[in-house]
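First the structure, which I've put down as structure tokens, then a few questions once you've had a look.
Chain nomenclature is as follows: A, B, C, D and E, assigned in order of appearance, with residue numbering initiated at 1 for each chain independently.
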Amino acid sequence: MSPTEYLRVSDLHAFYGESHILHGIDFTVRRGECVTLLGRNGAGRTTTLRAIMGLTGKRTGSIMLNGREAINLPPHRITQLGVGYCPEERGIYAGLSTEENLLLPPVVGSGGMSVDEIYAMFPNLWERRHSQGTKLSGGEQQMLALARILRTGARLLLLDEISEGLAPVIVQKLADVIRELKQRDYTVLLVEQNFRFAAPLADRMLVVEHGQIVAEIAQHELRQRKDMLQELLGV
Amino acid sequence: MMRTKLSWPSVAGVALLLVAPAVVYPVLVMKVLCFALFACAFNLLLGFTGLLSFGHAAFLGTAAYLTGHALKVWEVPTLVGLILGTVGAAALGWVIGSLAIRRQGIYFAMVTLALAQLVFFVLMQAPFTHGDDGLQGVPRGTLFGIDLTNDYALYYLVVALFVGAFWLIRRTIDSPFGQILKAIRENEPRVVSLGYDVARYKLIAFVLSAALAGLAGATKTLVFNFATLGDAHWHMSGEVVLMTLLGGMGTVFGPVVGAALIVTLQNELAVVAGSLVTVIMGAIFVVCVLAFRRGIVGEGIALYRRMIGEKVG
Amino acid sequence: MTEIFGVPLQALMGQLVLGLVNGSFYAVLSLGLAVIFGMLNIINFTHGALYMMGAMFTWMLLEYTGVGYWWSLLLAPVGVGLIGILIERVLLRHVYKLDHLYGLLLTFGLALMIEGLFRHLYGAAGQPYAVPSQLTGALDLGFMFLPKYRAWVIVASLAVCLFTWYMIEKTRLGAYLRAATENAKLTQALGINVPLMVLLTYGFSVGLAGLAGVLAAPTTQVGPLMGSNLLIVVFAVVVIGGMGSILGSVVTGLGLGLVEGLTKVFYAEAASTVVFIAMAIVLMFRPAGLFGREK
Amino acid sequence: MQGQPLPGDAHDPPPILETRGLVKEFRGFIAVNGVDLTVRRGHIHALIGPNGAGKTTCFNLLTKFLEPTRGTIRFKGEDITRAAPQAVARRGMVRSFQISSVFPHLSVRDNVRVALQRELGTSFHFWKSGRTLDSLDARAMELLESVGLEKFATMVAVELPYGRKRALELATTLALDPELMLLDEPTQGMGHEDVDRVMELIKQVSANRTILMVEHNMKVVAGICDRITVLARGAVLAEGDYATVSANPAVIEAYMGAESEDLFGEEPTQATSTRVPATEVVS
Amino acid sequence: QQKISDDVVKVGVLTDMSGIYSDFTGTASAIAAQMAVEDFSKDATVHGKKIEVVSADHQNKADIGAERARAWFDRDKVDVIVELVNTSVALAVMDVAAQKNKLALVSGAASLPITNERCNANTVHWVYDSYGLASGTAKAVVGSGKKNWFFIAADYAAGAAMTNDASRVVTANGGKVVGVAKHPFPTADFSSFLLTAQSSKADVIALANGGQDTITAIKQAAEFGITGSKQTIVPIVLFINDVHALGLKTAQGLTLTEGFYWNRDAKTRAWARRFFEKTKKMPSMAQAGVYSSTLNFLKAVEKTGTDDAATVMKYLKSNEIDDGLFKGKIRADGKFAHDMLLLEVKKPAESTEPWDYYHVRGIIPAEDAALPLSESRCSLVKR
């Protein structure tokens, strides 16, 4: 495998109970790259991320995380390989204050942002740091979910629908954050419904349909493959 | 369905029961039958409704004392005595049940356990139970002129009672009511969405189970001529769980097998095990949970199905 | 002197204080149960047996190694905790995936085994354990003479409850624990070794039971049966408290101790049943328990 | 953003279900926020909206699986705001679940029979023989045929493929012959062919009843729905037939965003709101 | 003149080996019976027929006990069942013995009904009963000048019975009952009851309960400094094994009644030491009773030449019994009336050897320690 390659997923199948959701996902993400998974509701993008984290039911195939096979590792070991996961449902803890939520994930690598940096980046969190996690507004919860993995120094970020439920200004800010992360040579795997948000950020876009990758589009091909995207994403 | 697949064992079983006293002690068999009935009643709840009651001894004990007192002090006819015990247990079941079904799962178990303990204390303190002495020397009386002090006479009464109750339980399981119980165990919200009042089904199942447990207790008093606090102690509640688990919960014959095993085991351990009886009982529990969850009959059925190449649900 | 329902206030106060002593046992035990339930979703039927073990260890330490009360206060709970860890590793592990009723049955069987074993080895009448010399004698509270040891029991258990509460509510570790209780999978995905946490939590909670055992040793006969009856009462406490919060179980524990104390004044015969009656009433009006949120 | 329910003109059928100012709060978080919903007799009415918009919660409120925090629900003119779930079901409003919801270890036929036997009124009769239920088999088979499951009648439900389970669920719901049927994402997790079958099915069963369904699949919505209500962040964003709704810019922004015309317009727009996918919320 | 049935004389020791009574009965009782057989005849025979001892654990379950008794009598040729601790089991087995016309010699159980309303012709109550302990102790203690009594009584049949029996004697002998505190059974915390007792200023605090409760109460009495105060604690039912379990430090000064004390005289000591050899503990009165009852049964068989229940019982009831452990006569109602010992627990300093726990403070004559036949409700007592 090429040295710059950070994540290689091959022939990944995943299940929830009896329902077979992923039917053989194949893709790779190189270090410092930002890749977006597009697709309709229920296409299987979230499931892809959950499967990488080992959160689905049964899963088969192979997941190489910079050279280590992770398909059989328990979630916390996967994280310790330097992965940060921001779940679709955000997963803010009601039992913890904002700050506790932020400090919860253990540091898994060097080069994570300091708490001050984070508060500087998301002032709202600073203001609300003592209030109960789930009392935050949807948008603030989203920031918190993202912020807490930036702290850990994870090099690969799996971000699920981070733009959703956020006011345009914050979406803007998030876009900047992602860009900055790319500067810092983070690797990002983005799941997005909001095409406008994803398009400018992604080096490549993978289209998921019924648990399979049906198309790959590089940043520069966007315009000419517009109709094809229409067809795949639209109705 | 069960009905067709398992009817031959019932026939064989009944036949066996009829000839049994020729070889084994009638009293021993009667004891087994009492506990088998107790376990079946319990299984109706755990195995077919998915409710683990950890306080079924309360019903066994209460009925045992009620029947005993009625026969000894009020000197009612035997049949009336049995009915009183059963009805009493049912009533108690209704009270405890309507409290307990407000909670699910583990809570349900704890609540039943606690309430049963309450009943135990009450029985312990009530004068008519004679505390430690137990309610002794309960007369068996007569039935349709037949003198029941004769073990064999009583034996056939007990067999009749058991077979009757057992039939009722199986009938219940297959009945329209039983169908709903199964459905509730499988997927409660769905049953609600189909317009059934789940709580009432649970309660009825609970009362039914309590009543039959009561019948077991009443019969036991008749067999042994006494009722003691042991019948109401929470160890007894534990034992019936063990019987059901060992025999196979949710199977029709499991509890019977389990009861037979445990009863004989206890009798034999009495001579051989010295002071390790409880340890052994506990060990059986642990093994069953870890390695043997289907229970003897359950495993048997599974094996049988595998042999005739049928999938196990 | 002042009277309440014909009971001299002095006596009443006395009984309340004594109720508080029992209450603190309930509190420590139900606390452990609650934490275990929160993390493992298991009702730990062995809790009573392990409480007994705590006391037995205390006795053994003195009997065989001459180690006294104060060291036992540390060693016995640790010992019990280790045994708990063993139990979790060897047995409980296998039932998490199953319906949680199996957890209950498993621990029940285990309790039988432990109690039977100790009875077999050390007899039923139990063993004597003297009050540590530093705590003999009584305090004059004005309205009663409270044996120093009883006072110590109250102080110690309240301290333990407070400590546990602090650990869980205010520390990093506690945050992990709360997170794992709320959403184990995600917490693990954030890089926290949840299985290990579960192991330690169980060890700790069981250690609490052991500690309660040590505290009980000088006040009751140290025998194999001391756990089983107490446990059922604690279950009732748990149902009443409702597994809601840590504080919930503590408060309920102490509260019921007081209620029991009062009952002993006004209608002693009901002292052992009052807890269960209380439970029935609570169930009628607050099925989820006083501090409980539906699980 | 409050969408106005269109003034019911003459040839609009009468409403069967109406909600006024329906609100549901979960510990401070408002999942459903003042929804006025009007479902008219005989319609296939779709409830769409981004994840976490409150669709499933709405269902749970309508079927009384959740107690509304505020607001009223009227079904067939009667106020059912405080009725018990089973009572609502008996009045003829029956729902299906977002996660497939069958009785896994009962046979396919028995699954349907559980629903059918309610009509017999013998469901408390524990002394009656199970055979008394055999009279229902004929009807059960009919229903299974109507969803193309007749071949699987004796199979244990567990063993059905996902799509077929949804079909079975539908059959079970149909067994109660409800006047109003609530379907939560009936095509979720299905392949194309399944989707088409279910679409057909819904169309065909809608003959003499009303259907309210949650659906993410625009194809289905566009295909068979007479009327569409769009929820966003717990409130009604728009209402009307597919044409009206899909043209509504607010809806395009909030929900259909990705397929809107100015696909590559630079300015970021109002994004959709997503929280816990209901698959993990309900149950 | 019948012979020995089915050519063997079998003694069944039915006892509690795994439960709360196992300390003062249990496996050691079986050993006691075995000793009796050996002492009776070296080669364990009578009239050339083998003597065997079998034993079983009734697990404190009456039905298991009754079951076992039936099996023994019908199948295993057992002629007599001894020990029978736990009153519910004892009463149940008595009935079986009567049915099968075999013998039941009770030494472990305490309940009065055994020789009162539930008495039968096949049963002897060998060692003690709750009435004897209650009234006997009461009379002796009141006699010693301790007039005011406070009862801490378990709130169930047995507790009530003991309280009444004792109270009657107390008042009859010019004493006075200043209070009764009923406690639920079982109780883990007696402090509140002890407080009330303490404040009652009674001379005597009588514990009308048993087993674990009594032990706990005594232990906590020590904690509350009642032990060693001028208030005397009188546990009505207590065995030397309980004192052993409590330790002299806690138990010192208790006044109680037992039917047997190993360290009473040379004979008892000699026997007890042999018992100790085998069991590593000194005999309780129950275990002594097992020895005594077995021995005397065998003697009776030898004298009468049969193991027929009626004959043996007739002999036992018509001859004075004196085996060095117990001395007295078996009454019509089956109560073995013998002297009881009023004992006081020594201070740790006073104890000269292990298990040397008691001062013998007096002898309670048989007639004080048994329900007067005039008051008996036993059908065997003709008036």
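Heads up, the rule we're going with is that contacts are C-beta pairs under 8 Å (C-beta built on N, C-alpha and C of every residue); 3 or more make two chains touch, one makes a residue touch a chain.
If you're wondering where the values come from, they're calculated on a predicted model, not measured in any experiment.
Shared contact partners of subunit C and subunit E comprise B.
Traced through touching neighbours, the fewest hops from subunit A to subunit B number 2.
The greatest centre-to-centre gap from subunit C, using C-alpha centroids, is found for D. For the pair subunit C and subunit D, the distance between C-alpha centroids works out to 48 Å. Remark: subunit B and subunit E have CA centroids separated by 36 Å (rounded to whole angstrom). Chain centres here are Cα means. That of subunit D falls 76 Å from that of subunit E. Separation between the centroids of subunit A and subunit C, computed from CA atoms only, is 44 Å. Taken residue by residue, subunit C touches two or more other chains at 116, 119-120, 269, 272-273, whereas all remaining positions touch fewer.
Multi-chain contact residues of subunit A (touching two or more other chains) are listed as 94. The residues of subunit B that reach two or more other chains are 121, 125, 275-278, listed in rising order.
Residues of subunit E that touch subunit B in their complex: 17-18, 22, 26-27, 54-64, 66-68, 70-71, 74, 86-88, 91-92, 95, 111, 113, 118, 155-160, 184-185. Subunit B contributes residues 1, 3, 168, 171-172, 174-180, 182-183, 186-187, 189-198, 200-201, 204, 208, 311, 313 to its touches with subunit D in the complex. Interface residues of subunit D facing subunit B in the complex, by the touch rule stated above, are 63, 65, 84-87, 89-90, 94-97, 101-106, 110, 113-115, 117-118, 120, 122-130, 132-133, 156, 158-159, 172, 176, 283.
Considering their complex, residues 172, 175-176, 178-179, 181-183, 185-195 of subunit C touch subunit A.
Contact residues on subunit B toward subunit E in their complex (touch as defined above): 25, 27-28, 31, 121, 124-125, 127, 129-134, 136-137, 220, 224-226, 228-230, 266-267, 269-271, 273-278.
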